[in-house]
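Written below as structure tokens is the structure these notes are about.
By letter and in written order, the chains are A, B and C; residue numbering begins at 1 in each of them.
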Amino acid sequence: MNTIRLANIRRSLGFGALLLVVLLAVNLYLNPARFHPAAWGTLIGLAAPLIGAALASTPVILSGRGGIDISVGPLMGFVNAIIIQTLFLKGGVESPFVIVPVALLVGAGIGAINGFLTTIVRIQPIVATLGTYLVLTGITLTIVPAPIGPAPQWIKAFAGPLSIIPLAVIFLAWWLIRRLPYYDLLMAIGSDDRAAYTAGVDVTRVRFAAYVITGVFAGMAGLMLTALIGSADPNIGQTYTLISIAAVALGGVSLAGGRGGLIGAAIGAIDIFLLQSVLTAFNVSTYVLQVAYGAILVAAVVLTAVQERANRRERNA
Amino acid sequence: MVSAITLHARNLVLRPGGQPLNQTIRPGEIVGLAGLDGHGQERFLEVLAGLHTPHAGEVRLERGGQQTVITSFRRAVDNGITYLPRDRRATGIFPTQSVLDNFAISTVGKDARFGILSFRNRRKRYEGFRERLSINAPRPDAPITTLSGGNQQKVLLARALALEPDMLLLNDPTRGVDVATRHVLYDVFRGLAREGMGLVVLSSEIEEILVLCNRVLVFRDFELAAEMSGDAMTTETVIAAMFGRAA
Amino acid sequence: MIKLRTWLASTNGRIFGAFLIAAALHLAGTLMIPGYSSPFAIRAMLVIASLLAVASIGQTLVVILGGIDLSIPFIIGFANVVAAQLYGDGWNFIVVCLLVSLMALAIGAFNGFVSRRLDIHPLIVTLGVGMVVQGCVLLWTAGFPSGSAPAAVSAFVSIGGSAGPLPVPWLVPSLVVLATLIILIMARSPYGRRLYALGSNPGAAPLALIDPVRMWTITFALSAFFAAVAGVLLLGFTGSAYGDVGQPYLFQTIAAVVVGGAALVGGRGNYLGTIAGVLVLTEINTLLIGLGFQPAAVQAALGLIIVALVSLYGRERHVRSTI
């Protein structure tokens, strides 16, 4: 990897990466047993839905022009409800060869709807995905009014020893996408969609695809969530919405688009997970956790911004 | 009423390692700035306006014997220097706002009575400039985007003049403006100069500089390459200076 | 015909359309549900709408500026709990209101200042600050908020109350006065003109002598202030403190502002539109509940309707027309 690429990555990761190192050290000190290699499976399984939500939120944010998807959380909950209630409990379907494709297809379908609303009908992304958020939450509550279980046996393994696999699949998929010309087009429209348009890029199609990718990844995250909770919970999806955006911002992905990547989003999510871990070790109440999330988020983006300004100033001097 | 101010650029260095330049802009002068694109003439204008800090040197404003150093845009405006930007789309007009709003925005306090704006007062002020600059805007309450480029530029000029400046710094004021409007603008500029206002006009068209300006400063590589006035100011000499060759 | 279309697409057209839709919804409700237009039902709707309208003042201002304020629900909760707690501890209520207002102004000012000065997206700053505020309040009350509202506040917002000869609580006419004031300030004050200009073209604003940092600081401070007002009013409405009382207002304020014709990119919209949006949302909510929809279904239907409305008249321009 050449030095410029390395410097770019380092710059975009900013404090997220630094925080990761710090939090990891603190965690290892406080709770070495939790981080024992034997327990890595469970640990990753615990963090997976959050990481998955953050990863899923990233492609549309990269596409720029206010691109965002606040329906990622509810979509995870919706997939969770469909898998457990509709397929497994009511339909008796247990095979992973049905459940996994269904989850991904549902994700892609919702992503397509979001894409349609934002790129073809051209509703502002936050409003469009707010609409989807409300619809999905409502439908999920209708399908699963109260938490219900259990989940198929095989899926629970993905919260344990096999938990790295769904995440690895997402990273593999993104790695492949990065090799396609599509990735350059995505980053181009994220930076300056007008310039990209005049250069002949089909901005609408690229953005639409970003929403579909986000949907598919969210579907995958929904599987991870199901693996973790081993049941269907109608209320849990919503909690991922704001946290995943916080994770993305923490990881150096610019909300204006065109900058950052999935690694940054993952780092942001891991930061939040490790923070949770530290505070739980201190037996701190969830309220302190809340304050800490918010404070770290603000501190991280502020420090990153200050660093950016300092960098720019020394470049222009 | 225009009061006489003189602008002194002292030992101005526009880029690291550049030659310092010294210039004085006097009341009633129209000074042109020329050069190939990106050779420092815009930077010089921005420094005069307080929008950019020079690498070294300073800009002083002299009024009635008092001297003030121009350190910021706000300081420049407060002391009677007004700047008209180049790209009206990016840094000039407020596209969702009406013609009247666009005109009055810099001087919005002038129409305020007990915190509420008097629209009648604003209209009155606007009408004065409309006549003077021949602004063609049949519906002043409509968004400014309904006007042609030339008329938009006139509204922006009116906005600048509403500040009652003593010196006007213009960054390519006739860019994207039709020929008829250009001549109106030239007449206005000359009229302002006659009233005692100093004008510095950056232009990308040499003919315009020759027609309008008393003297021209040609920039090359962020340094002052040549200064010409009177008979020495011809298309050939200016172009030669722009390319770094003596005529 | 073209003139009609351009007018409909303009802000005023959108606002008119929104009021029309609210009226149509009310008519539909009256026809479909017995008692929909009963005096009590109308009073209840007016009160609920007024509360949302107060909470949405800030969002309107912030959106016109080109930003967004996600801290509103958290500040509503903050004001709600702190006011109740302190009043319950015996503090003078006027002092309590003053304190809560000052704190809200400070929080909002921080939001605006940090967002603009450091060029950080306000979505993140307000979200983070909101979470901190909520967490601090929860810590302070150890999760069990207590206290109550003074009788005056409860009477102010009570559905059964009356303002002199009018059969509505004082909240409603007060809101009308407040709304008129806000609309006047936005349309005819230097602050208002600068607000629109800054939202319209942030790049041109400094050259037009508008100080962006100052405007953002003031505007976000105002947003937090009105959120706090809503929080205190809600205390009178429900009678007891509840930290999450503001949660529904997170997306409802955004929806109200957008349905009312504002553009999230800034420079467009006004408070009259927000009020129309508030009425539309309140009508939809009441109508659906009246028709027997479960809360879950109401939520889903709300989402669909917001999307439908915005796609009618809230569409953005294609990239090609922005060049």
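By our rule, a residue touches a chain if its C-beta (ideal position, glycine included) is under 8 Å from a C-beta of that chain, and two chains touch if they have at least 3 such contacts.
Predicted model, so just to flag it, every value in this text is computed and none were measured.
Contact topology of the protein chains: linear, an open path with no closing contact. Remark: the per-chain Cα centre closest to the mean position of all protein Cα atoms belongs to C.
Between the Cα centres of subunit B and subunit C there is a gap of 43 Å. The geometric centre of subunit A is 29 Å away from that of subunit C, both derived from CA atoms. Chain geometry summary: the mean Cα position of subunit A and that of subunit B are 50 Å apart. Looking at subunit C, no residue sits in touch with two or more other chains.
Across the complex, subunit C meets subunit B through its residues 184, 188-190, 193-194, 196-197, 199-201, 203-204, 206-210, 267-268. Within the complex, the subunit A residues that touch subunit C are 66, 68, 117, 121-124, 126-128, 130-142, 145, 193-194, 197-198, 203-204, 242, 245-246, 249, 255-256, 285, 287-295, 297-298, 301-302, 305-306, 309. Remark: subunit B residues 73-74, 77, 83, 85, 90-97, 101, 104-106, 108-109, 112, 115-117, 119, 159 touch subunit C in the complex. For subunit C in complex with subunit A, the touching residues are 68, 70, 114, 118-121, 123-125, 127-136, 138-139, 143, 251, 254-255, 258, 263-265, 294-304, 306-307, 310-311, 314-320, 322-323.
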